[in-house]
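Chain IDs A, B, C, D and E follow the sequence of writing; residue 1 opens each chain.
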Amino acid sequence: MNGLIILAALLFWLAAWAVNVRLSKNPDKPGRRIIVPVLFGIAIIVLWEGLVRGLEVKAVLLPPPSAIVVALGDKAGTLWIDFVQTFIKGALTGYAIGCGAAFLTAILIDRSPFLQRGLLPVGNFVAALPIIGMAPILVMWFGFDWQSKAAVVVVMCFFPMLVNTVQGLQQADPMSRDLMRTYGASYWQTLFKLRLPAAGPFIFNGLKICTTLALIGAIVAEFFGSPIKGMGFRISTEVGRLSLDMVWATIVVSALAGTAFYGVVTLLEKAATFWHPSQRR
Amino acid sequence: ADDLTLQLKWVTQSQFAGYYVALDKGFYEEEDLNVTIQPGGPDIAPTQVIAGGGADVTVEWMPAALAAREKGLPLVNIAQPFKSSGMMLTCRKDTGIASPDDFAGKTLGVWFFGNEFPFLSWMSKLGLSTEGGDEGVTVLKQGFNVDPILQGQADCVSTMTYNEYWQIIDAGLTPDDLVVFKYEDQGVATLEDGLYVLEEKLADPAEVDKLVRFVRASMKGWKYAEENPDEAAMIVLDNDATGAQTEEHQKRMMGEIAKLTAGSNGALDPADYERTVESLLSGGSDPVITKAPEGAWTHDITDAALN
Amino acid sequence: MSRFLSHALPILTVVALIVGLWYLAAIALNAPWARDQATRAGVDLSASELVADTWSQDKPKLPAPHQIATEIWETTAEKKITSKRSLVYHGWITLSATLLGFVFGAGFGILLAIGIVYNRAMDMSVMPWVIASQAIPILAIAPMIIVVLNAVGLSGLIPKAIISMYLSFFPVVVGMVKGLRSPDAMLIDQMRTYSASPAQTFWKLRFPSSVPYLFTSLKVAVAASLVGAIVGELPTGAVAGLGARLLAGSYYGQTIQIWSALISAAALAACLVGIVGLVERVVNKRMGFAR
Amino acid sequence: MTKTPVIAARDLSLTFETNDGPVHALKDVTLDIEEGEFVSFIGPSGCGKTTFLRVIADLEQPTGGTITVNGQTPRQARLARAYGYVFQAAGLLPWRTIGRNIALPLEIIGLSKEEQAEKVAQVLDLVDLSGFDKKYPWQLSGGMQQRASIARALAFDADILLMDEPFGALDEIVRDHLNEQLLALWARTGKTIGFVTHSIPEAVYLSTKIVVMSPRPGRVTDVIESSLPKERPLDIRETPEFLEIAHRVREGLRAGHSYD
Amino acid sequence: MTKTPVIAARDLSLTFETNDGPVHALKDVTLDIEEGEFVSFIGPSGCGKTTFLRVIADLEQPTGGTITVNGQTPRQARLARAYGYVFQAAGLLPWRTIGRNIALPLEIIGLSKEEQAEKVAQVLDLVDLSGFDKKYPWQLSGGMQQRASIARALAFDADILLMDEPFGALDEIVRDHLNEQLLALWARTGKTIGFVTHSIPEAVYLSTKIVVMSPRPGRVTDVIESSLPKERPLDIRETPEFLEIAHRVREGLRAGHSYD
């Protein structure tokens, strides 16, 4: 019986893969770019359900997807409160402040090559740091509520964004700069009309990297102290209570939120840098 | 020798001195056991580790063990070296808190991750909501340390008599600055640091024999530790892989621990069990467990071990 | 010499600036505690006593740089490296998990990238999930992963390495997919006119073209691996490693110990990135990219 | 003389399906290229010159008509390694020295190290680059890179050499020089050459046959047989005969050109 | 006629300090350009053509000698907006439509929206691009982009137009067409034009004065005044007079050229 379940799940997975191979022969037919990955995802979920049931994995270790869906429905209210606390208040605020501050800093140091040469290596260094380690310190400094989570996010986002923006501001090709010179354009005119637009792809690259950093930072920071709501709080508390279905429901929410956040920034990027070759086709 | 893995509830410290002493003094070896002690940590749920087969026996608090049992993980208490509870709520005097009646409107730091059950029971007994507001209390998920009370972010924090309390003292606050509420004194004490195994183990005579020998050696370790607290503390220190513990702190901790293990020969006192269950069931609208558990403890092991 | 100055001077200036700000911040953050203590002891602090106190507390909110430096010196140079109190010992534990995870991650990332570049079905179905996978807060569920891996018999170094692999494979996939696709259509056509086999096209064209992309992503990946190893250490029982130091320090409010672990981790990250950069230079030279 | 042509296209068509509808890159092209001919293709941008060369080399599949190469399909000819192809950009691999770049196709067909070395030395000599085999591409000027790329195609030693605007990026003087060398090489080896260019003087100077094309759809509008002698000093470009042919090409071109 | 020259260079030198030692991009260049002249610069790669144009436009600082523009320093002239500059690549900003690209210099000098629109419409017409002002650069062919870039320089309406190989990337027919238009425009506006090219026919066809340069160090080796009439149909390129001048330019070039 259990063997049959596993076999059925495996067969489903193989069948889905075969269909995907077929579908991807014509990638430009409408909808294909959505159907194919979705089918792949469904196949993985079916495989997961089949394996968990077939191998009788304990629900306190790994719940089947069906149990997660039930938890998603039953605990929607709690999940929403957690989402607001962690994502809207912690991650988004921190993201806005961190990216905004980095952007302004990049513009401030733009006129000083000396500062840039000093700050960029230091910035690259800090961006490679295990900043997560600062979470307990920031919780100590900024308190238990979302402010400390936002602070962690600010610190995590600042340097990747700074480095990208500074690099972006150097993107305008020398010819276009010379062109602006022949017009006798001022520094600010060159900045707004040429260099900032040209920096667009880099700035958005930084913004995209920061979406996932923001979410991870806000969640992990809650491990080091929080009020009794929030996605990180929920995960750690419910693991302790062995409610793994709730843990996974929170993970699903976080994955959805993270992907959607990334997707929104990507859409903005498409709209703002429509002209860049990588956005055409 | 038979292999056996013990999962601790927390990091290596004198709280678990009995086991380290038994290991170090060769008590386990005498019983033909090859014991591995796995330290815990803030994100380790011992119940989950044992469910995953990562350990044979685990040190756990009874509320968490009973809650896990309700989730379908059949944990059974086979021995109870700790007689009394070391949990307390420590408050700053200058917040105006003198008795539990003053909690309303205050901010309290609490450990979660399965350690919140005694606190929740207590609050529901006091009739205080944990959702905040003037009538209830605001609850913080306390992190790994006592910072919230030092920084003034919380009015009270959870502490153990043997550990966190002394960290507050070390940080520069004096006992005069503080008010403490022991769970024992408030009548809401629950059993801590029992030894638990999965039910299926008890069906196998070979495993039972192993557990008997383990409990016997462990209790020998505990009694040795009670009698030689300083030596026990040094043994603990030797086993601490992080190198973060200090001699002074561990010796003091051993002294406090000895007070909690005193009065237990290792066998669970059914009266303590009943009191714990009652307290957990009385949780008002949101009790920790919903019905009295069946078969959550056994004397079989201790009976065999201690005779 | 002058080249050295023109490179180092700005960096040194910025670092000096940061250290200066740090000392000031230490005063600001640690002063309330110093005053609090003084009031309770009933003494008055002069300004200079206050400053001296904020730079020498046992458990400061923000330790002064020299306190951290002293701690690092004492726990590296003045301890046997086999001692559990030696940062070198803990650093080595973390490093081994990092390296293993990095090798796993880079290998897995490269294989995935090859699959994605050579198989359109894989490209279309897997790539979106690779991106979504990074939105899962692996760091938050690391403890569970360790338990689950334990249940299937993996323990010790491997679970930590797997977490660090999860963080490091992503930049490698993204970079390698870009890199393997970087040779322009003309060069691919050229291989066709030679009627080269797919394997020949891969080894003689696609793979060498992807090397610069590979190294860029390896630098990101090795730093991510370190983060993964540290996070993986938090729930392995806070036994050993820089992550465990961080946690133990945090548990006992030992801010100096936290910061010294943090700074050591930073130095380790810098070394790892530096080593990858060095290998990159050597390879570039061997491949004739150096100018 | 009933030699069969090396390349024979009959009503060849190729339509690309794009988002904006079909693009007729080639429409009913019928053309023979005999062995040893030097054929230039000239025409405004987008008239299908590159596409035609790519169809010959089996890099693109025609959607109508037939084409044979040495009596076989292009695919068979490609697998038989019948083509040397020179692209507009030199396309040298930056991580290989000039020598190893030229050896690349030889490695692929599996020649021994010695055979490779011998061949490389020989073609380097042919393009005046002896002594540069240990240099990397970026250490050479654009003109030298282009010569190396031609050497690479020659090393492959196929009977048909297809060149798609190989000198487009070079300055006029270097170009003149390479044109002279190319003619000499062609005279020496007797290869069949298909050559795409935008430059009228270049087409006239080099070719035995000039194919003028026009776009939308890509068609052959004129095929001009050159009456110039095989021996062609650079000065021939100032003779009336040369100017006459150039004029005819220009007229043909202008007719097919449209502005917008 | 004692008009002062618009551009007067005296012993102008420019040396770049590089890691491999100094590069003498310009050495003792002395040259006058009168108002309304059309001056072409021709010479092998690296002879300093671009550098000279850049010095005129104050994009590069000479290291020796003097240069005046309208009697002022190049910097003063630049701030007085004396130059229109057309680069080899069109260099249109991809995030602006053609119309907004052309309006860019007008925005910078602070014209009102209406004035901008009027001017844009006018120059678009001049280069045959009316109706394309809402398109983005990448939606246009290379030739159209290049025309848009010329329109942008024209919109700026400076008296001196500097063009650095503006037609280098275009095919011969389009090039011919733009050459014709450029001549017409020059005749109509009477601007002073400095023009860099690699093509001998183009230089001869367009210019009133051809400056031949040679590299290492960058020097002027010949200045050829054209005897062609102002009115120049394309066919003039097949006249003996034209060929004669072209020949002289070619000789001058070849003298200064060195291989590898």
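The rule we apply is simple: a contact is a pair of C-beta atoms (placed from the backbone, for glycine too) under 8 Å apart; a residue touches a chain by one contact, two chains touch by 3 or more.
Heads up on the chains, UniProt names are A, C = ABC transporter permease subunit; D, E = ATP-binding cassette domain-containing protein.
Since this is a predicted model, take the numbers as computed values, not measurements.
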Common touching chains of subunit D and subunit C: none
Chain separated most widely from subunit E, comparing mean CA positions: B
Of A-B and A-E, whichever chain pair has more C-beta contact pairs: A-B
Chain centre separation in whole Å, for subunit D relative to subunit B (CA means): 84
Between subunit A and subunit E, centroid-to-centroid distance (C-alpha), Å: 49
For subunit B paired with subunit C, centre-to-centre distance based on mean C-alpha positions, whole Å: 35
Sites on subunit A at which at least two other chains make contact: 61, 136, 140, 223-224, 236, 239
Where subunit B touches two or more other chains, by residue: 42-43, 45, 48, 51-52, 143-144, 147, 151
Set of subunit D residues in contact with two or more other chains: none
Every chain pair meeting the contact rule: A-B, A-C, A-E, B-C, C-D, D-E
In the complex, subunit A residues that touch subunit E: 173, 175-176, 178-185, 189, 193-194, 197-198, 200, 273-277, 280
Residues of subunit B that touch subunit C when the two form their complex: 8, 11, 38-45, 48-49, 51-54, 143-147, 150-151, 167, 171-172, 174, 177, 240-244
Touching residues (chain side subunit C, partner subunit B) in the complex: 33, 37, 40, 59, 61, 83-86, 90, 142-144, 147-148, 150-151, 155, 234-240, 244-245, 247-254, 257
Subunit D-touching residues of subunit E, taken from the complex the two chains share: 44-45, 128, 141-144, 171-174, 177, 198-200, 238, 243, 247, 253-254, 257, 259-260
Complex contacts: residues of subunit B adjacent to subunit A: 42-43, 45, 47-48, 51-52, 64, 67-68, 71-73, 112-116, 130, 138-144, 147-148, 151, 153-154
